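Given below, in the form of structure tokens, are the structures.
Heads up, the next two complexes both have chain A, just with different partners, chain B and then chain C.
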Partner chain A sequence: MKNIWWKVLAVVIMTYVIFWGLLGPVPRQPILNESIRNVSFHVPLWFAMIILLVTSVIYSVRYLRKGRMDDDLIAVEFANTAILFGVLGCLTGAIWANFTWGDPWPNDPKLNSVAVGMLMYMAYLILRGSFDDEQRRARISAVYNIFVFAVFIPLIFILPRMTDSLHPGNGGNPAFGKYDMDNNLRMVLYPGVIGLTLIGVWITQLRVRLRRVKVAMDE
Partner chain B sequence: MQRTPFFKSSLLALLLLSQQVMAQQPVTSGVEMADQLRADGKIWVVVAVIAAIFAGIVVYLIRLDRQIGKLEKEVNEKKSENSLRF
Partner chain C sequence: MTESVRQMGALMRKEFLLEWRQRYALNGMLLYIVSAVFVCYLSFSARRGQLTPIVWNALFWIILLFTAINAIAKSFVQERAGRQLYYYTLASPQQIVLSKILYNTVLMLALAFLGFGVYAFVLGNPVKDVPLYLVALVLGAIGFSVSLTLVSGIASKAENPSTLMAVLSFPTILPLLLELLKISKNALDGLDRSVSWKEVGTVLAIDVIVLVLSLLLFPFLWRS
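Showing the complex of A and B:
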């Protein structure tokens, strides 16, 4: 294992996040109670997902510019890991919502937008599976990936802010404002984003390497 | 399947950790015990469980990483052999 320093960093950061996220001081809020600690675990999943999706789009653009199959392979694996994080984010959000908003899937614009977004990314994987020709699959799915990302970002960041939403930062609720966020939480949230992103990159790297080995064996 | 020394030692560490968690006696006054795990509404037990799950996932990732590394090596060696032959 060469270049393992960032993997060690990921493990160290996530160990800190798990311990301090569960045991560190947090703001006392009615209704939320101790479940406010989910901010250290549920929210970084989405941050990490967005970072992985941005990376996927960058590699899709690179494929279209240079036409190297390796870039297409990296793009799809980053999207795969991002979708895994997205599904986990939906599940953890549903558990949290069940106990604080009283319903695992309340009719909230952010949730519905995310559901649409996840379906669009599922369609990306199905689209890839429907081509036999490698070049065509790579080219068309790269274009689709860029389009999906361009729709996904307004869908989850802009549209929910224009209506009423249960999520902080939407419909007049302050995002990370003084009421539901404090420096103690930030000390765990931001390391959590870095740690989960690194773990996601690690999983992606393993899958990319495995596929490269497969490609080399086919040659 | 081969067991790397790393895998063995991490398994041992996990086992020892769980021993410590399970083998606790009720609190007796004056005798020093590992009471931390039962303090604060036993939240420490949950923390230990989550930490163990995370450790397991990390061990799994590391083993996968090494196995893929070996595959990469094999493929590279075969490639260089072929290029020598032709």
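Showing the complex of A and C:
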């Protein structure tokens, strides 16, 4: 029970983010209007997803270096949580896009890149399912995880910036921070990133423990 | 250094010999791309020269993508595990994967040029800047072989390699494919070449990333 402080912190931060994100003062922008509040929820989901994916890759690398099965368990669960966050990010984005761009899934390079990225990580899960031998599954899916991450990062960060996009910060558009953000919004956005990352780690920790119990029961 | 180059040469020679002795596989791939082109030609009611440039271009690259996946999928499957183990005692894994990549590049170049020839022959050739289009084909052949060789190595270890090959390679090849489509569309429209350099640079950068990853990750792959 001594390591409970960060869970308390996560709950406190998320309570603050949800209430202050919905009630706090926000900048007035044409077209965006009140929907700018979604910045506090939609954007942190993607930040948290990237952080979780980086952690997953780190554990995959660790597995390849040290060969401990536990690292593989942790890597796959971080990837699972990241996929969950990605789906939630798509959903919150679709709600937002529906009201500001007039279409829940506009033809935007960033959206399409993310959809392809989700396909890659679904393929990762399919790949894991097609092995019987545990050692083999762990090693090969770790290789694929590292490979996919190296393709995913240019796909989501570099390619959309080279074409026209509706998203801020792409296709020569200035990033969101340039003129849409103000300090009130930042005070919710950054805690949101920390809070959601902590929640993600918490979910992952629970799932990893569940897996460890299952492994122990099988033996 | 010269020793390892010589070993690479021997491995490459082995790949070509193997292909030459099993000519049905090579002929099968050549026939695959020709008949795929012909199926597309007939599906568009054999209307020569009537496809819009964007459809013409996309159709060609999709045919090439499917051919590449089929051709490269077998690069690790066709040799039995015992024989592969024997190679690994002779050469380092980096040399093996590099020789496979080089061999697949040559194969893909042959398939891409043949495919382009047949495709332009039956469906008409609206390309305004042919040299640039051929550059796009060369870049595509290199890129496909680099990224698909690692994926085929991954897929060959699993239970159903053929399905898995498609599932794993479609999303991972997509960034490359999109850039290639842009370059070849520029060539098709005969735009000034300076427009395409940025995309050419991106394709080369992706190739380098994937090549380095293949060299780093392959040693872990073959051990299982």
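FYI, the second predicted complex is superposed on the first by the 215 of 219 C-alpha atoms of A that agree within 3 Å, B and C clash if a C-alpha of one lies under 4 Å from a C-alpha of the other, contacts with A are read in each partner's own complex, and residues count from 1 in each chain.
Here, contacts are C-beta pairs under 8 Å (C-beta built on N, C-alpha and C of every residue); 3 or more make two chains touch, one makes a residue touch a chain.
This structure is a prediction, so every number in the text was calculated from the model and none was measured.
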* Sharing chain A, do chain B and chain C clash or fit in the superposition? -> fit
* Asked: Touching A:Leu32, do we find chain B (first), chain C (second), both, or neither?
  -> neither
* Structure fact -> Max touched-residue count on chain A (chain B vs chain C) belongs to chain C
* First (chain B), second (chain C), both or neither: which does A:Val11 touch? -> first
* When the two structures are overlaid on chain A, which partner does A:Leu210 contact: first (chain B), second (chain C), both, or neither? -> first
* Asked: Now for A:Arg139: first (chain B), second (chain C), both, or neither, which partner does it touch?
  -> second
* Asked: With the two structures laid over each other on chain A, which partner does A:Leu23 touch: chain B (first), chain C (second), both, or neither?
  -> first
* In the superposed arrangement, which partner chain does A:Leu84 touch: chain B (first), chain C (second), both, or neither? -> neither
* Between chain B (first) and chain C (second), which, if any, makes contact with A:Ala94: first, second, both or neither? -> neither
* To do: Determine how wide the angle is at the CA centre of chain A between the CA centres of chain C and chain B, giving a multiple of 10 degrees.
  => 150
* Asked: Rounded to the nearest angstrom, what is the minimum C-alpha distance from chain B to chain C in the superposition?
  -> 31
* Asked: Shared contact residues on chain A for chain B and chain C?
  -> none
* Asked: What does chain B use to touch chain A in their complex?
  -> 43, 46-47, 50-51, 54, 58, 61-62, 64-66, 68-69, 71-72, 75, 79
* **chain A residues within the chain C interface of the complex** => 64, 113, 116-117, 119-120, 123, 126-127, 130-133, 135-136, 139-140, 142-144, 146-148, 150-151, 154-155, 158-159, 162
* To do: Can you check the complex and tell me which residues of chain C touch chain A?
  => 147, 150-151, 154, 157-160, 164, 167-168, 170-172, 174-175, 178-179, 198, 202, 205-206, 209-210, 213, 217, 220-221, 223-224
* Structure fact -> In the complex, the residues of chain A that touch chain B are 1, 7, 11, 14-15, 18-19, 22-23, 202-203, 206, 209-210, 212-213, 216-217
